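So that you can tell them apart, the chains are marked A, B, C and D in the order they are listed, and the count of residues begins at 1 in each.
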Amino acid sequence: MIDVALFGAGRIGNIHAGNVARQPGVRLRYVVDVDGKAAQALAQKYGAQVGDAERAFADGEVAAVLIASSTDTHAEYILRAAKARKAIFCEKPVDLALERARTCAEAVHAANVPCLIGFQRRYDPTFAALKARIDDGAIGTPEMLVVTSRDPGAPPVDYIKRSGGIFKDMLIHDFDIFRWILADEAASVYATGSCLTDPAIEGAGDIDATAVTIRTRHGRLAQINTIRRAAYGYDQRFEVIGAKGMLQAGNHRPTEVMFWSSDAIGADKPEHFFLERYRAAYAIEMAHFFDVLAGRAAARTSIDDGVEALALAEAATTSWREKRIVEI
Amino acid sequence: MIDVALFGAGRIGNIHAGNVARQPGVRLRYVVDVDGKAAQALAQKYGAQVGDAERAFADGEVAAVLIASSTDTHAEYILRAAKARKAIFCEKPVDLALERARTCAEAVHAANVPCLIGFQRRYDPTFAALKARIDDGAIGTPEMLVVTSRDPGAPPVDYIKRSGGIFKDMLIHDFDIFRWILADEAASVYATGSCLTDPAIEGAGDIDATAVTIRTRHGRLAQINTIRRAAYGYDQRFEVIGAKGMLQAGNHRPTEVMFWSSDAIGADKPEHFFLERYRAAYAIEMAHFFDVLAGRAAARTSIDDGVEALALAEAATTSWREKRIVEI
Amino acid sequence: MIDVALFGAGRIGNIHAGNVARQPGVRLRYVVDVDGKAAQALAQKYGAQVGDAERAFADGEVAAVLIASSTDTHAEYILRAAKARKAIFCEKPVDLALERARTCAEAVHAANVPCLIGFQRRYDPTFAALKARIDDGAIGTPEMLVVTSRDPGAPPVDYIKRSGGIFKDMLIHDFDIFRWILADEAASVYATGSCLTDPAIEGAGDIDATAVTIRTRHGRLAQINTIRRAAYGYDQRFEVIGAKGMLQAGNHRPTEVMFWSSDAIGADKPEHFFLERYRAAYAIEMAHFFDVLAGRAAARTSIDDGVEALALAEAATTSWREKRIVEI
Amino acid sequence: MIDVALFGAGRIGNIHAGNVARQPGVRLRYVVDVDGKAAQALAQKYGAQVGDAERAFADGEVAAVLIASSTDTHAEYILRAAKARKAIFCEKPVDLALERARTCAEAVHAANVPCLIGFQRRYDPTFAALKARIDDGAIGTPEMLVVTSRDPGAPPVDYIKRSGGIFKDMLIHDFDIFRWILADEAASVYATGSCLTDPAIEGAGDIDATAVTIRTRHGRLAQINTIRRAAYGYDQRFEVIGAKGMLQAGNHRPTEVMFWSSDAIGADKPEHFFLERYRAAYAIEMAHFFDVLAGRAAARTSIDDGVEALALAEAATTSWREKRIVEI
């Protein structure tokens, strides 16, 4: 039996707890959260106990920690978990500061513990199937990538102020997709953007719409377009082209109903937001984490992926702020 | 130079005249219509002269006639054209009476003139491409056919009264599709229907919605569903299944615009009606007719196809009226 | 806590057991199966005990029975459950004999216990959303229904021999869809069919491809086309038309990957078969059953729905065998 | 009767000649080409005469010129036509040198003659319908644009050497789309690219894949991705997002056949290349030109559009060559 401590009893913590409950041979032992009520409710639902970090890290029975708490706690928990030689699953980003993220990576490598970063999109059935086809050679070497990543609405400005900015908060997933799909590293990054939807976001020193271009070391090209407010919902598509063809990952729809009216032929909008769109991905991701712990699978992401995506987010932020191309 | 006489200066006559004008080496010589003004306008547009049937059939320069006049004139014109040994293109149906249609076919065969019936759907790029794939073996032997054939609105009741009923007026095209796609002949026909859209149609002794099932001599199955009023427009689809897969023919849309709104993702409705949907088909059909005359192509339809589709329409009418399965 | 006895530890029994395990306040107490090993494995997986029918029906703690055993046991278990005043969930069909099914319905009504029949398609997210739109008036009164229902492959001939024939085994779901969507009862049924895929099916006195037409009391029309072998997979579509438009229920695909090659633009085939296609439906159905038991919902199907669908299957069988239209 | 002189008897000249022939009240009088045989063939086909530039410009009967000759002749013919006060239709680009293009624009304005540049995409039914919906307010103010513009194959390297580079040869159309759809002017341009398909293109000092980002004066964002070799054909899509939703322009397909096989559900690839994809656009464009001449319509493009698109192409070329963001 693998015992697990969960840090964070918010929305994403709840999802992970539910998925942990479905893993055979895995038991949720502690739920840790600054919000005692939330911790209590979640612990009770899954037969766990409310704990504090001290106790969770000290408990030798705890073999793995899931870090789904606020971003500013990630690095500390990673460092403590590495020191305690516990396997780590941590939500993105590792930290808002690249240096601190690198320190975490070093600690993880020194401790030689698994550390998966929550880039759940890699486990999405559509995205994973697309990647498998690339690996099977369907399109030859991937050469160009176009990523569309749009949210149905912006988070509260208070959240945005603490978020590290749109590139670290929102596009970090897209930067990971870029590295994963093109299987290459950035040579240069150009980012521009605007505040198109809410002046309060500009007031917070951020933007809500971006256009990013990455050129890789092998000369491959990626473009990412994002906006915080897509009236029609959560838009998560990408397409990748190689000499032999193109692969497209489309949105998922809640149902396959079509309505043919006197106006138009209408289909469902995409799944509402990330909790719906990536429900399957979160479950597969958590199963993968425990497969890794059980030696049934090699880890599909590492803390280095978290660091590299963060480095791209930082480069993009610099490019946008300083209005220049950032060479890497 | 091939000289042509056109009977009928209505909507479909206009389309044929326009397509004749695009054939190299073909000249529209006469336009014949009981409506002198319509004949005059059309003749003038294409540099032809207004004629009467007598003159058109007597003129030795006229090598081909296009019969696009009212249904009750078709048989007479076919018989006269056969007698005058002119090539014939005739709109469906050959006649409303099966016996008379058979008499026409005998005359045509005796005269040994080409006689194409205006089953324009066979020339539609989508339908023709689908048929070519069947002939290439893509799905193996075609075994089941489902035809969806719906009009955007019913014609005036006065038209319906003279139309021979929905099976001869509307489904005759679908019966031809059936014979063409399944490449087999009917062994039994079952038809039922209702008047769902306008009681005046029932008053005229007709129905506006039908469900037809045909079983072929080889045990293949076809279902046809039709309605005179589809709020979303002209719906012309069919699908055919064989041991190796299925081929579907979808509707054509005016544009490929998609609108992603807060309600739905919307695409264009189908092309409005047959004049739009089959614009390309009419042009290809007419080119084919003159290719046949020039010996560049073998005729893709014959008057026998017109007779057989009519026989099916008659069987369906009997099945519906007498509430019984009609064995053929 | 609601205690449940499950009859049948096969594929569908396993699915129901898994879904029972997710219902709060519900406990799987007994698993009953003639195959002791299968019962044991399933019982162990969910902390239940292997039981026999005697014990399960006698146990006063058991409030509900799930009947997922072979068809020939359904009626007996329903009758015993009704007598024991336990709530019933039973897979289709109620029985292969219509009279016996009616006897079951009378017993259930007399006992006044809930009895849901496993028409899981009614709970499918796509089908249920479509039905909700009809109920909201999106298309007006539903007038015509076209159902496409095709399996990826035929079951073993031994199964077919005991199945009651294609109409009771396969189309019974489609007959239920018909009643549910058109909200009307059949006035006449016509069915024809062929053995197109495997002569052994014909040898067993059955067919593997059918075309069914139903005319309702209000003159509405339905067509159903089925085949036991669709090379491209499990095809479960229907469309319904009313004065204001059409609603279509499309297939579900495993992923939303598109591959644009030098040959074609390719999308995924449909979900493989019913276990995949209706995974969500089975879960929602079981949650609904316990919602009904808890008084949180009114039952969405009754044993009468099971009887009526069976009556249609019997009428279709008669129509096919006797080559006649069956008036109801 | 409007008499027309056509310069250039190549592929596009042939298309324009065919479309001129369909305009009532318009007559092709001269065909001018350095290739006498091509000029002769085209002139003969449409009842025109072979001319030389001198004669065509001197002929007072010629009211309009169509310039479809090689790019290096465009400016000279525009200047001569302006001087002779003839209406002008000229293929893109006005010239490879921005200064010379501006000189042409001045001459045209001074002469006050209509001068339409051949940005045929504006007349494409899909693109024009999308633009009309923007103008109707469907999505609110357009804020972000993503353009996908991919060719099925690269032209010969000899052509590329004289083409002015990919930005002036291929993307000039996309720059025009950008200006037309976002209804705003560029404030900054960033372009990068690679030679991914054929080293000979690199040898010619050009690239075959590009990623361009434009930020407008109002802070709107556009991204353009292009490649000279898309295995699946000519890919011409764009999408534009505003506060109220998104509009997408999809590819056109030759037919609406779908093939459901044991591998995938396949649809047609896009129309092969620009001659097929924009066949309707070329016809509508030419009709529009003569509508303008007849006073029936206001010109939908001007020579200034040609100059501005060229300026963007030049800025992009500079950005790519000098690896810097170009402010405008």
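Quick note on the criterion: a contact is a pair of C-beta atoms (placed from the backbone, for glycine too) under 8 Å apart; a residue touches a chain by one contact, two chains touch by 3 or more.
These numbers were taken from a predicted model, which means no experiment stands behind them.
For chain pairs A-C and A-D, the one joined by more C-beta pairs in contact is A-D.
A centroid comparison over C-alpha atoms places B as the chain most distant from chain A.
Chain C and chain D have Cα centroids separated by 57 Å. Computed from the mean C-alpha positions, the centre of chain A lies at a distance of 42 Å from the centre of chain D.
Residues of chain B found to touch two or more other chains are 230-232, 235, 244-246, 259-262. Taken together, the chain D residues at the contact with chain C in this complex read 230-232, 235, 259-269. Chain B makes touch with chain D in their complex at residues 125-126, 129-130, 133, 138, 244-252, 254-262.
Those residues of chain D lying in contact with chain A across their complex are 139, 143-144, 146, 148, 150, 188, 190, 192-197, 209-211, 213, 215, 219-223, 225, 227, 229-232, 235, 241, 243-246, 323-325.
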